[in-house]
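Both complexes below contain chain A, partnered by chain B and then by chain C.
What follows is the complex of A and B.
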């Protein structure tokens, strides 16, 4: 297990190197000019001499590979540059916000797994039955629905019409301190919408897995031994049916990040994904570069978790393969 | 318990097949309706979708305006049809570009083999590690504004899976006896590629392209919603949802609801048709998971 984790970590190094270099290469190929972005409106009136001076100060006159290397070496010491849109060091931005994003994503993921497993098992019990058809149709519709649209409709229903939940942010506008109760009530809508956007996938895979398992010999054997339907379903079919789902849980990190980008923006959640969108709107390169690298690292970590879970859940799988 | 068993057996036979046929037929009708609406309505219906009528602002759905009107009195049905037109156009172009890139890369990797194959596929793995929407946002942010950055950003983030599919297909075709026969019969490389490999790869690539269109629309609308996509005078469905935010917070739901429905319905219809197509060219991999 340690060997697998070590090998994955070694593979992560070249991946991150290539991705960050790609980010710098795209920026170099684009019409984006960091000097003009840095100078802002002052850049319009500044003399060419001043602009050149600024260019040298920012190190933009160096070739692409040198700029990338400078960024990389200072990133390793913890200096990721300054965010121009949030007026903070990038490392501070990440430090302040990453916790809120993890809270949101973890809550949503947990809800999606629990709800998805329940619905998937219910649907798999009678393939073609009304419950199955209802759940499957709902899953396909939700899969096609953009999360930002679901989020806006949820705001309309729960915050405006019913008035039971706050429409966004982390705390009430009047409050100056962050309390657990406030955060919990502000978490319900964004986490719910993010969970719903991840739900279809779980439902469909659990349904497929459990449905297949219900036709397999162990389940038939369990039925023949006269075990209760409940035991057969939850003890035998669900256990073997969940195996393929379990292995794919870790690989859902990209979708989770995609969902978070949209949901955090809709609900003004002070997380890292909302900061990414702000950075993109303001073409804040240093923040974007760091966050892209961070997201890639999260995806790689998810892949590792997927492999480890697979090995833990299925004793037939060795860790040295 | 006996009736449960009966139900299961029946469901696996006739009922499910008829549901499937019904689904395919409905999907075909919907796709046809979408294409017709997008192609025919703008030239035939001589209405200005940008026509502002401040006396008519934010009217709820009615007989004269089935989807209601937006905050400056524009008819939302017309706005949605034009938005769908823009979204579909961007989606189709991006899907075609992505498929061409993916097919070329996949075929190149499979045909070269050896270190070229290994390096190319490793690069595909690397770029799969960056979340698509994030990479898309990054590309758009750097090249904004305009339509082309959006198309390029969606295309550049979607070719990876096609490259994998095409590579696997070429590798599997290349090991078939008829290809060996053609080579030992003296066929040139070009002839083998064009006559024996291409016809086998095209259906898979075509299916991947069709399935990619809804994905591309989804991505484009997400970018537009974030304010990074198409400019407002070329409103796509995502732009419509974005510009309806103010009205929604004032309590008017229809400018938000209908553009979303216009994203969901074509997505489901295209997925339904593509699912049937996949079963036809790939009967062994009969799966209910089509998205």
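What follows is the complex of A and C.
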């Protein structure tokens, strides 16, 4: 198990190198000019000398490879550089925001897994029954719905029509302190929308897995022994039916990150999504590279966790992958 | 063993989820929006500052809430002392400005404000290593010197009459900002100043929360808590104003209309210097021709633009100076007259071609006009301009792009630009019209080149005498009527809707760039909320 984790960690190094270099290359090739983005409207009245000085100060007049190498070597010593668009050290930007993003994504992911498993098991119990048909068709519909559209729909329904939940932000507009109660009420809609957008995958996988397991020998054997239906369903069918879901957990991480990006934007959630969008449009190399590296690491970690869980759950699978 | 550990993990996960769900349910809508507290105000604005450090350009035109400048503007845009004790003494033919400082002022951390902070602020802004994009505005400054604790002397490179207008820029504390990286230090997000408000929290992309500075030298503000919610989308801002979440907001004319007869809310119309203009580059054979320029100048229907594009919230513009400013030269208004425009073109030899587009010496009267993509207001101005031009036989091809696309084309292609600084006529006109600034960044985008205008611009900025300056700006405006290197279209009013419980508020004359310093909350520290 430790060997698997170690091997994966070694593999992560070249992946991260390639990804960060790719980010620098794409940002350098983008039509946006970091100096114009930095100067904003003030740049429209600035002298050329002033703008040239800014270009030199921001270090964007150097060639692409040199900039990447500078970033990489200082990042290895723990200095992630400064974000030009936010006028802050990158470490501060990420530190301030990543917690809120993790809270949002983790809540949504847990809700999606638990709710998905419950609905999946219920649907699998009577294939073709009314519950199965309702759950399955709902799942397919949700699968097709983009998260930002769900988000806008939720704002319209819960915040504007019913007025029961706040439409965005981390706290009420007039409030200047962050309290747990405020955050909780502001978390419901974004986390709910993100969970719902991830839900169909879990419902459909669990339904399929449990449905297949219900026809397998162990379940028939258990039933023949006269075990209670509950024990059969949860103890036998669900356990073997959950295996594909474990793989799914790993592969859903990238989707969760992009989903969180859209949901954060819709609900003005102060996570890293807003910073990512700003970093991209302002060609903020340091911030962009750090955020991409972070997302890459999250995906690699998700895959590792899935593989480890799979190995733990199914002894036939070793830790050689 | 393994199965048990998985089951345990599942149990733990379920417990966490339940706890989260429970806490989510137990959160009632406490806080209750803004309507509650009498001494708090929440307003919705459209732009977010990039930084809160004056050293990087924050608050350079005044009204920064957190800071004070040496001087400040009153409701009529007249200068009055703030951190200075009186208006500056100007000597040495306008090249030396001496400021006596107010005594006993403290920063919100309790440390005293002294002349050293003023010198630090200006010297840091002018330092090459400081990433301040507005430092060109202080181009005239040669040196800043403290004389004792209470006097600051500015020496200028050349006589510069509007210099005092620049000294509204906020003063940063040397003992805080001087100890950290000026470009990325924590001062850029957690500022400390002498101003009427202290920053409580800047939640980026969401809001800025301020609380009153109880020891403010100008008296503690009555509005104790002030929040600026950053809401980029106009419709969402209007919705949140309706929902009672906001006490006031900036709105476009079409959304502000419905509050006209609202019993609880009052609409304020701020006069502005915010112009929209079409650059007519000298380097283009068509737009460089004086006849074409003059024909376009009288051939565009500005009144129709004000009515249809701005819903009446604006004025026709004939130059950077609005028609209701004391600096405006009466008699330089140009009436819309399509027949006269056609006659000018006929007389100059621009004859209609087969497809209705005029020609002269094999040159078609056609040119591209760029606007910043995504800017609906500029797009509508550009399309209206093109449609008016078509009627007099000039083909204008409207195209959109980002500044990166537009900038290299500026010497030859027309651009729909915007701007406007109300504090002094020099600020707009010098950078817009001075021939030596042609193509310098975004200055003089049209590459306008007129000797008389160049001379008058220099006279106007050097002379400290109001009558002399007025005469110079009159010359410029008359020259612009004769040789309009830009077609000025409109000056745009800014509309704000605010709850009536704050009483009758005022607005200043506003610039193009109207961030958190503009609007009826320019002087929120003086508001007197009704109990």
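The rule is simple: the second predicted complex is superposed on the first by the 280 of 321 C-alpha atoms of A that agree within 3 Å, B and C clash if a C-alpha of one lies under 4 Å from a C-alpha of the other, contacts with A are read in each partner's own complex, and residues count from 1 in each chain.
Note that in this section a contact is a pair of C-beta atoms (placed from the backbone, for glycine too) under 8 Å apart; a residue touches a chain by one contact, two chains touch by 3 or more.
All of these numbers come straight from a predicted model, not from anything done at the bench.
Participant: Now for A:276: first (chain B), second (chain C), both, or neither, which partner does it touch?
Facilitator: After superposition on chain A, A:276 lies in contact with chain B alone.
Participant: Just chain B (first), just chain C (second), both, or neither: which does A:160 touch?
Facilitator: A:160 sits against chain B and chain C alike.
Participant: Can A:118 be said to touch chain B (first), chain C (second), both, or neither?
Facilitator: Touch partners of A:118: none, neither chain B nor chain C.
Participant: After the superposition on A, what does A:57 contact: first (chain B), second (chain C), both or neither?
Facilitator: The second partner, chain C, only.
Participant: Just checking: does A:251 make contact with chain B only, chain C only, both, or neither of them? Give me first, second, both or neither.
Facilitator: neither
Participant: Quick one: classify A:15 as touching chain B (first), chain C (second), both or neither.
Facilitator: Touch partner of A:15: chain B, not chain C.
Participant: So, A:240: does it touch chain B (first), chain C (second), both, or neither?
Facilitator: The answer is neither, since A:240 touches no partner chain.
Participant: Which of the two partners, first being chain B and second being chain C, lies in contact with A:152: first, second, both, or neither?
Facilitator: Once the two structures are laid over each other on A, A:152 reaches chain B alone.
Participant: Could you look at A:31 and tell me whether it touches chain B, chain C, both or neither (first, second, both, neither)?
Facilitator: both
Participant: Touching chain B in one complex and chain C in the other: list those residues of chain A.
Facilitator: 31-32, 160, 167
Participant: Can you name the residues of chain A that touch chain C in the complex?
Facilitator: 31-33, 36, 38-51, 53-54, 57-58, 82-89, 92, 107, 110-111, 113-114, 160, 163-164, 166-167, 169-176, 180-182, 184-185, 187-188, 239, 268, 270, 274-275, 309, 312-313, 315
Participant: How about chain B: which of its residues touch chain A in the complex?
Facilitator: Touching chain A: residues 1, 4, 7-8, 10-12, 15-16, 19, 123, 125-127, 129-135, 137-144, 214, 218, 221-222, 225-228, 238, 241, 244-245, 248-249, 251, 253, 256-257, 259-260, 263-264, 267-268, 271, 287-291 of chain B.
Participant: So in the complex, the part of chain A that touches chain B is made up of which residues?
Facilitator: 14-15, 18-19, 22-23, 26-27, 30-32, 126-129, 133, 136, 140-141, 143-146, 148-149, 152-153, 155-156, 160-161, 167, 200, 204-205, 207-208, 229, 253-255, 257-258, 261-262, 265, 276-277, 279-281, 283, 288, 291-292, 295-296, 299-300, 303
Participant: Given the complex with chain A, which residues does chain C contribute to the contact?
Facilitator: These residues of chain C touch chain A: 2-3, 5-6, 13-14, 16-17, 20-21, 23-24, 26-34, 36-37, 40, 42, 50-51, 53, 56-57, 128-129, 131, 133-137, 139, 181, 183-184, 186, 188-189, 200-201, 203-207, 209, 211, 225, 227, 229, 239-240, 243, 245-246, 402-405, 419, 431, 437, 440-443, 512-513.
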